[in-house]
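Two complexes, one shared chain (subunit A), two partners (subunit B, subunit C).
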Partner chain A sequence: MQIVSKDLVYTYSEKAKALAFRALDGVTLTIPEGEFFGIIGQTGSGKSTFVQHLNGLIPTKEGNGQLLVGEFDLTDKNTNLKELRKKVGMVFQYPEYQLFAETVFEDVAFGLKNFYPDLPQVDVEDRVKQAITTVGLDYDKIKEKSPFELSGGQKRRVAIAGVIVSRPEVLVLDEPVAGLDPVGKREFARLLKTLHATFVKTVVIVSHDMDFVAEYCSSVAVFSKGKVVKVGTPKQVFEDRVGMREMGLDIPVTEYLKDALKEKGVILDCDLSVESFTKAVAEKFAKNKGETDL
Partner chain B sequence: MKDVTFGQYYPANSIVHSMNPAVKILLTIAYIVAVFMVKQFYFLGFAACLLAVILITILAKIPFLKVLKSVKAVIFFVLLSAILQLLFNKNGTPLWKGGFITDVGLLTAGFITARIVLMVLGATLLTLTTSPVDLADGIETLLFPLKLIKFPVHEFALIMSIALRFIPTLIDETDRIIKAQKARGADFDSGNIFKRAKALIPVLIPLLISSFRRADELADAMDARCYAGSKKRTKYKKTPFTVSDFFGLVFMAGLIVGVVFLNGFII
Partner chain C sequence: MEQIIAKDLYFTYDKQTPALKGVNFTVQKGEYVAIIGHNGSGKSTLARLLNGLLTPTLGTITVDGIVVGDKKTLFEVRKRVGVVFQNPDNQMVASIVEDEVAFGPENLGVPRKEIKERIDFALSAVGMQDFKRATPSRLSGGQKQRIAIAGVLALKPDVLVLDEATAMLDPQGRKEVLSTVQKLNKEQGVTVVAITHYMEEVTKADRVIVLSDGEMVFTGTPKEIFLKQKELKNLGLEVPLAVYIAQKLKEQGVEIDGDVLTQSDLAEALCKL
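Up next is the complex of A and B:
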């Protein structure tokens, strides 16, 4: 499913003039199928508002631009939102706060039962088991537990299992690594990679973590004041140091290191991932072995 | 949900805003007493109350529309009581031959409408010009006689201001959880009443849990700053009795005298 947004506009509290706030001010963006797509931008730049449009949680009105998600036209009032939400899964910030059921099994099955009320119990169990295993938890140990007695990291995994269980084609995540420790972050990134390779075709991720974006995203869009100001590969986007700073955004650690090396006269040609960076350094090091200036 | 005027603070720099909250609460009570003192069918008293509302609104620098909007919250109640009076009041003579609406019924309907609307307008002026924190502060001051019977007045006021403080937070939280469950295919808008009530469980339970979490965190934060209830606490914001409070008292006394006086006239 390809996502195409054209001149999308959204204003909060439109009726109360004094409180009205234009969160999206003409967003034009295309997210092709199969991408691991990152969205970055300062707080209040409209990223969360935009991704909530993608499965109709924030309604689009006529005259406020265009938004196509696959075959669904979101400006059309008659679009079947339930069908759309089957295809576009959404993971909010701190998803563990949405857990409610008595057992982990019930909570994970919630979405599945909503979307496919006629699914036989055997298939429900099958799918729930698969979802829980995919997020890296032990199904037999955890299924009868109350979600509230789990640890923070486990809760988050359960919440995500509750979204991927209905097998969406597009998975949208709003700040999924906020509040995770470094190890948790790395594990989570690995989980997303696996999901992208197996369950879901397209991943759209909103993040403040530039290292995360640089390492895993195939494309990045930069939001600023309700508009998309830049789209490209992480390398292209982070190249513009001045622009990034002006928008109050950071750059990944590898870029900092590259800049520091450049000052010392060492120019590296590599991608932004840690692996690509270390490889380039190692090569340079091997080449310069014996010379004294490095 | 966010567009409700009733009970919303409208910040401005005016003499009404800067009045002592306790005095303001007392004056509002006095105003409501004045509205209720207007005798049936003697509408001049209502005109005096309306004049008072208009004057206070101007002094408080609040847009009239903002004040009028508060009536929206009670419009259903007002209409219902007016219509009931029109239809079922059998006193007086019918307005037309064989008609079921009597002149007394019409007057009573108008009277009740005026009474409720004026009361709401007055109460709205209080909440528009007094921030929730000040309001709780004023109530604390007014409840001080209860301290004599060992009623924890300070704690009571604190609970009230915390409750008020968390209303917007809870609204945001509810909104977020509803969205998260909608994204998982939850349906809140269809089915019969039992089905809809059941559909709210996935919203209410997370909301309840996060409220407890917030309460815990708040308690910890207060503990960490050595909060110890009412014992010898001084106030950060002092609200002395000022000239404007004095004028407020005079103004309200004038209104009550005026209403009593006008009750003697017949239109």
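Up next is the complex of A and C:
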């Protein structure tokens, strides 16, 4: 499912003029199927508002531009939102606050049962078990627990299991790594990669973590004041140092270090990953291999 | 002067698995302490104990000699200790930003004129002065978090506790809030206890406390802590990316000079090669 947004506009409190706030001011963006797509931008730049359009949580009104998610035309009032939401799973900021059921099992099964009411109980159990295992939790240990007994990190995993249990083709995540410890973050990246290699065809991720975006995303869009101001590979996007600074955004640590070396006249040929950076530096500066091996 | 004294703190939510198992520490007045630990290590529980939102199951905690967790002293404690939590949505009460920020000082009975000054101070400290008349629920996640921080700053607390308070901010916003916090700490002597996952934030602290499974496992300067890469890893924590990169480079035979904590340290070291 390709996502195509054209001149998308959204204004909060449109009717109350004093409070009206134009969060999206003509967003034009194409996210091809298969991408691990990053969205970055300052707070208030419209990132969350945009992704909430993708599964119809925020309606696209007539005259406010166009939004196509696969075969679904979101400007069309008759679009079947339930069908859309089966295919576009959404994980919000602080998903752990979305939990509500009495047991982890019920919580994870909730969306699935809603989407597929005729699914036999055996299959529901199968799918829930698989989803809980995929997010790295022990199904037998956790299924009967109350979600509120769990730690923050576990709650987040349960919330995500509740989204992926329906096997969406597009997975949208708004700030999924905020508040996760470094190991949690890496595990989470691994989980997303696994999902992306199986039924999730496209991942759309909103993040402030530039190192995360640099390392994992295939493409990045930069939002600023309700518009998309740049799209490209992480390398292309982070190359624009001045633009990034003007928008209040950081560059990945590896890029920062490359800049420092460039000023000294050392040009490194590497991409944004830590691995490729250290390799390039080692090639230039490491003492003769034979020596270090001694 | 010792401002916060925690003695043998135990806390249990469900009477089975304790979230804190005998934690002892002190925080000096004017100190900037960072608390790190993996998810579920007891960090947030500790934050809630610091201003009496939770009462220790066993042990005591005092702020300026006042026992925290006693109903009679609660007001005195909360005048001194301001906490900013992780999720701003859970702490907004008013429908206009200005009222939201004024809520705390109003409760303390601060005179009207001074409240106005405090609102201006607090909002400009977090870069939200243009949003005085805005509706919190209509702001973005990061903007709301800044308002939540402003609401606590307006109380002019002696001790500022930040529980992952910058988690939702963009990098620039985080830098701004951090420099505000540092300024309050350095210039006005506000004691800061910052619970965080951002290792770059930890490098700014005077001292770091590492929690694991409800116990305090290390305490020391950021430099001392980050030299213990192996131990940190075993605890489910990582060193800042710059320290990690420096380590990787050393392993590959690149001679990195001096102690690297931040990306600018590393840049400096690389430029000497």
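Quick note on the criterion: the second predicted complex is superposed on the first by the 284 of 294 C-alpha atoms of A that agree within 3 Å, B and C clash if a C-alpha of one lies under 4 Å from a C-alpha of the other, contacts with A are read in each partner's own complex, and residues count from 1 in each chain.
The rule we apply is simple: contacts are C-beta pairs under 8 Å (C-beta built on N, C-alpha and C of every residue); 3 or more make two chains touch, one makes a residue touch a chain.
Given the structure is predicted, the values throughout are model-derived calculations rather than measurements.
Because the two structures share subunit A, they can be overlaid on it, and in that overlay subunit B clashes with subunit C. Of the two partner chains, both subunit B and subunit C are touched by A:Y97. Residue contacts after overlaying the shared chain place A:G65 against neither subunit B nor subunit C. Contacts of A:P234 after superposition: neither subunit B nor subunit C is touched. Contacts of A:G226 after superposition on the shared chain: neither subunit B nor subunit C is touched. More subunit A residues lie in contact with C than with the other chain of the pair subunit B and subunit C. By the touch criterion defined above, A:N114 reaches subunit B but does not reach subunit C.
Of the two partner chains placed around the shared chain by superposition, neither subunit B nor subunit C is touched by A:P176.
Once chain A of one complex is fitted onto chain A of the other, the partner contacts of A:G38 are absent, as it touches neither subunit B nor subunit C. Legend: residue contacts after superposition of the two complexes on their common chain; A:S13 is shown touching both subunit B and subunit C. Of the stretches 3-11, 75-83 or 219-227 listed for subunit B, only 219-227 runs into subunit C once the two complexes are overlaid on chain A. Comparing which residues of subunit A touch subunit B with which touch subunit C, the overlap comprises 13, 19, 97. Against subunit C, in their complex, subunit A makes its touches with residues 12-13, 19, 21, 41-45, 48, 93-94, 97, 149, 151-154, 175, 178-184, 208, 210-211, 248-250, 253-254, 256-257, 259-261, 263-264, 274, 277-279, 281-282, 284-287, 289, 291-292.
Looking at the complex, you find that subunit A touches subunit B at residues 13, 15-16, 19, 52, 55, 57, 82, 85-86, 89-90, 92, 95, 97-101, 110-111, 114-115, 148, 162-163, 166. Only residues 2-3, 176-177, 179-187, 201-203, 205-206, 209-210 of subunit B touch subunit A when the two sit together in their complex.
Put simply, subunit C touches subunit A in their complex at residues 14, 37-40, 44, 86-87, 89-90, 134-135, 138-143, 145-146, 164, 167-174, 197, 199, 236-238, 241-242, 244-245, 248-249, 252-255, 263, 266-268, 270-271, 273.
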